[in-house]
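Chain lettering (A, B, C, D, E and F) follows the sequence in which the chains are written, and residue indices restart at 1 in each chain.
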Amino acid sequence: MVLAVDKRIGKHAILLVLQSEAEESISLPPHWKYCTGKVGAMDSQKVVSAIETAAKREGIIRTNGYRETHALYHAIMDALSGVTRGQVQLGSLMRTVGLRFAIVRGNPYEEMEEGDWIAVALYGTIGAPVRGSEHETIGLGINHM
Amino acid sequence: MVLAVDKRIGKHAILLVLQSEAEESISLPPHWKYCTGKVGAMDSQKVVSAIETAAKREGIIRTNGYRETHALYHAIMDALSGVTRGQVQLGSLMRTVGLRFAIVRGNPYEEMEEGDWIAVALYGTIGAPVRGSEHETIGLGINHM
Amino acid sequence: MVLAVDKRIGKHAILLVLQSEAEESISLPPHWKYCTGKVGAMDSQKVVSAIETAAKREGIIRTNGYRETHALYHAIMDALSGVTRGQVQLGSLMRTVGLRFAIVRGNPYEEMEEGDWIAVALYGTIGAPVRGSEHETIGLGINHM
Amino acid sequence: MVLAVDKRIGKHAILLVLQSEAEESISLPPHWKYCTGKVGAMDSQKVVSAIETAAKREGIIRTNGYRETHALYHAIMDALSGVTRGQVQLGSLMRTVGLRFAIVRGNPYEEMEEGDWIAVALYGTIGAPVRGSEHETIGLGINHM
Amino acid sequence: MVLAVDKRIGKHAILLVLQSEAEESISLPPHWKYCTGKVGAMDSQKVVSAIETAAKREGIIRTNGYRETHALYHAIMDALSGVTRGQVQLGSLMRTVGLRFAIVRGNPYEEMEEGDWIAVALYGTIGAPVRGSEHETIGLGINHM
Amino acid sequence: MVLAVDKRIGKHAILLVLQSEAEESISLPPHWKYCTGKVGAMDSQKVVSAIETAAKREGIIRTNGYRETHALYHAIMDALSGVTRGQVQLGSLMRTVGLRFAIVRGNPYEEMEEGDWIAVALYGTIGAPVRGSEHETIGLGINHM
């Protein structure tokens, strides 16, 4: 199993999330799926929920069954680790986020047997609940589907 | 204090780290400094050390005094949180990383009084110490200098 | 001090918690105490509270004084670590639990001077707040009383 | 998707790991696979390695490809969270473990589409590197394959 | 850069926070600033907020701009780590704190170029939301301004 | 159970650890025991070991049996949480500590039935393995014996 150079699923997800909505254009490998969205919250639950809802609504993961929801959930948790860097908490630590997210699904490996994987990328700001009192933050979670 | 659109220090750092060495070209705001490098390790200490050494050698931070070393250290820790997602451990959890890093220094805010900040971006792979048994990983740490 | 083979307090607690209410029957060493119960929650506080309340109501720990409450509290925290695996959070990470718990009190060592210890075992499911979107989870905390 | 009563993969794994080698006998659902083993270590890496090696040698997961190794790895990490309760470290925190492990693979849900899942159960003692200065510990990790 | 013996900013902060309000008297190095206060909460956000508000009201940090707020915020997080020892959570883990805090600002190093640093010290009790079911707790966070 | 004003075990431990060896003089409540010591390390295991060894050598805890060793161990872990603030790691995160420690044993409550408790206080510096590249750090762990 080797990560194919032009099928870096995490890199694709990060590039998608870094684009402004206007400029969003990226050429993904054939048969890959993706969606993007935005969420602002002092409540980490709201971030999880926004990403799961988008993934199901846009057909990135199956809406019934648990398997794909489970894969996505842990990818989101990993992405939130990068965003929060230590404690996966927002409002309870007096901070808020304004995030764009990208979800990409596909097989990043040369071998077909590796099957589908999912990448969740988050980019935006984190800081005090005061306009401007914030800096950038990023997170990436990758999981097998 | 407002993050200036074209002075997103974290975005600049991530774009730098996502480029291959060949294509590395990015226009940073005037007076900003940056450097990039690579490190592979099963030993988190080696990652910290490689980044600190590069930052001092390339003149991103002062080589004497503690203040700037302290700022960089915590930015590295935050970036490692994103890479490791939970426990900031590599070999002791039987995993290894192959990372590119970018360090960017500058003021990302509209207001001059915000002074210099530092961004450390990490991108690469994490996985078992077996070629190909790995997926991508990313981390970003931002701190005031 | 040696853990006595037939006085494994953690094993007894886990076996208790794995039984359905109907089949609950276990022979504990003489003078040991135990109780079992159930709690479902998106709120980790509610889990802690249910266990503490049961332990006091069933006479496993003293209702007045702090010492035994303190011992139980940290055993619960340890058990919750196993259930949550990383962040000891439920609803704020968009997940819910349905748990059975068992609390066992006794001396698991050969030597009488080791005194009483407490074991808290948790078993059940953790997952999204959607019926069936869940998998099993387990936790065990052990502390000296 | 509903967890089937007699296909509780985590419960099966825990019951397996609680048995002594002599009494090991358990009837798993048809087509499920499992193996058990032992590992003692002050080095968490050695625990991970022992479980991965057994899983591959006993044919629980594929020896080539990354997908199944990745699924197992994160199940092991989750199980180690329960064992270590906070910091997933052993020797560096001056403690050692003596563990039995069980790995079970199968589909615990009513629906066939949920596919295979893996459960890693750990049971044993944790404590100071002095005979008898230890108490029991348990961990369970569950992941989709 | 060397920590000056009589300019131990953390030691000064801890001594301040250990004093009762009545006896509060401490001689700080010239040009240093400090303030003290009290906060009781089951809500970690309330602790953060009380400290930030005091620091701004008493002129320890600038009320506008982000830089100094950011420095203080991470010092508070570090202090809360000591108070909570693992999960930076209070009410969600069924515990409450009654804390005094001290904030000290100054340069603890021999070299002038090290500039200002900030120390946040917390001292008080942590425990169950029942009078007397608590023990002492302490935390110290130090950051460059 | 009420913490007695003049029997604050944590406060006593912190005051002891803040004193230089020369000035060490503190009047503890009758029948209390304490000891102090120093340890410098890039290896967290060495810190744990130094404290356990001193506690046994000075008769603060029993040298045989597990119960008191267990109580001390978790108090040390809690104190190390304050010192390390997040990951309880030193050398693997490229940092070193120079610490004084104090261990105090006694009953801090009005009620005799609360029995003995133990406090472990740590104070010193943490930073890069370069002289002077460090700031102060503190930690306190309290447990029932």
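One rule holds for everything that comes next: a residue touches a chain if its C-beta (ideal position, glycine included) is under 8 Å from a C-beta of that chain, and two chains touch if they have at least 3 such contacts.
A quick map from chain label to UniProt name: A, B, C, D, E, F = Hut operon positive regulatory protein.
Everything quoted here is computed from the prediction, not taken from an experiment.
Colleague: Go through the assembly and pull out the chains touching chain C as well as chain F.
Modeller: A chain counts here if it touches both chain C and chain F, which gives D, E.
Colleague: Name, by label, each chain that touches both members of the pair chain B and chain E.
Modeller: Both chain B and chain E are touched by A, F, going by the contact rule given at the top.
Colleague: Centroid of chain B to centroid of chain C, CA atoms only: how many Å?
Modeller: Taking the average C-alpha coordinate of chain B and of chain C, the gap between them is 42 Å.
Colleague: Can you give the whole-Å distance between the Cα centres of chain C and chain E?
Modeller: Here the centre of chain E sits 35 Å away from the centre of chain C.
Colleague: Going by the touch rule set out above, which residues of chain C reach two or more other chains?
Modeller: Within chain C, the residues that touch at least two other chains are 1, 66, 70, 77, 86-87, 89, 92, 109, 132-135.
Colleague: Viewed as a graph of touching chains, is the assembly arranged as a line, ring, star, complete set, or other?
Modeller: It is other, because the touches fit no line, ring, star or complete pattern.
Colleague: Which chains touch which?
Modeller: Every touching chain pair, ordered by label, is A-B, A-C, A-D, A-E, B-D, B-E, B-F, C-D, C-E, C-F, D-F, E-F.
Colleague: Across the complex, what residues on chain E touch chain A?
Modeller: 43-45, 48-49, 52, 66, 69-70, 73, 77, 87-89, 92
Colleague: Looking at the complex, which residues from chain C come into contact with chain F?
Modeller: 1, 64-67, 70-71, 74, 109, 111, 113-115, 144
Colleague: For chain D, which residues count as touching chain F in their complex?
Modeller: 86-87, 89, 91-95, 127-128, 132-135
Colleague: Along chain E, where are the residues that touch chain F in the complex?
Modeller: Touching chain F: residues 1-3, 8-11, 14-15, 18, 77-78, 81-83, 85-86, 108-109, 117, 119, 121, 123, 125, 131-142 of chain E.
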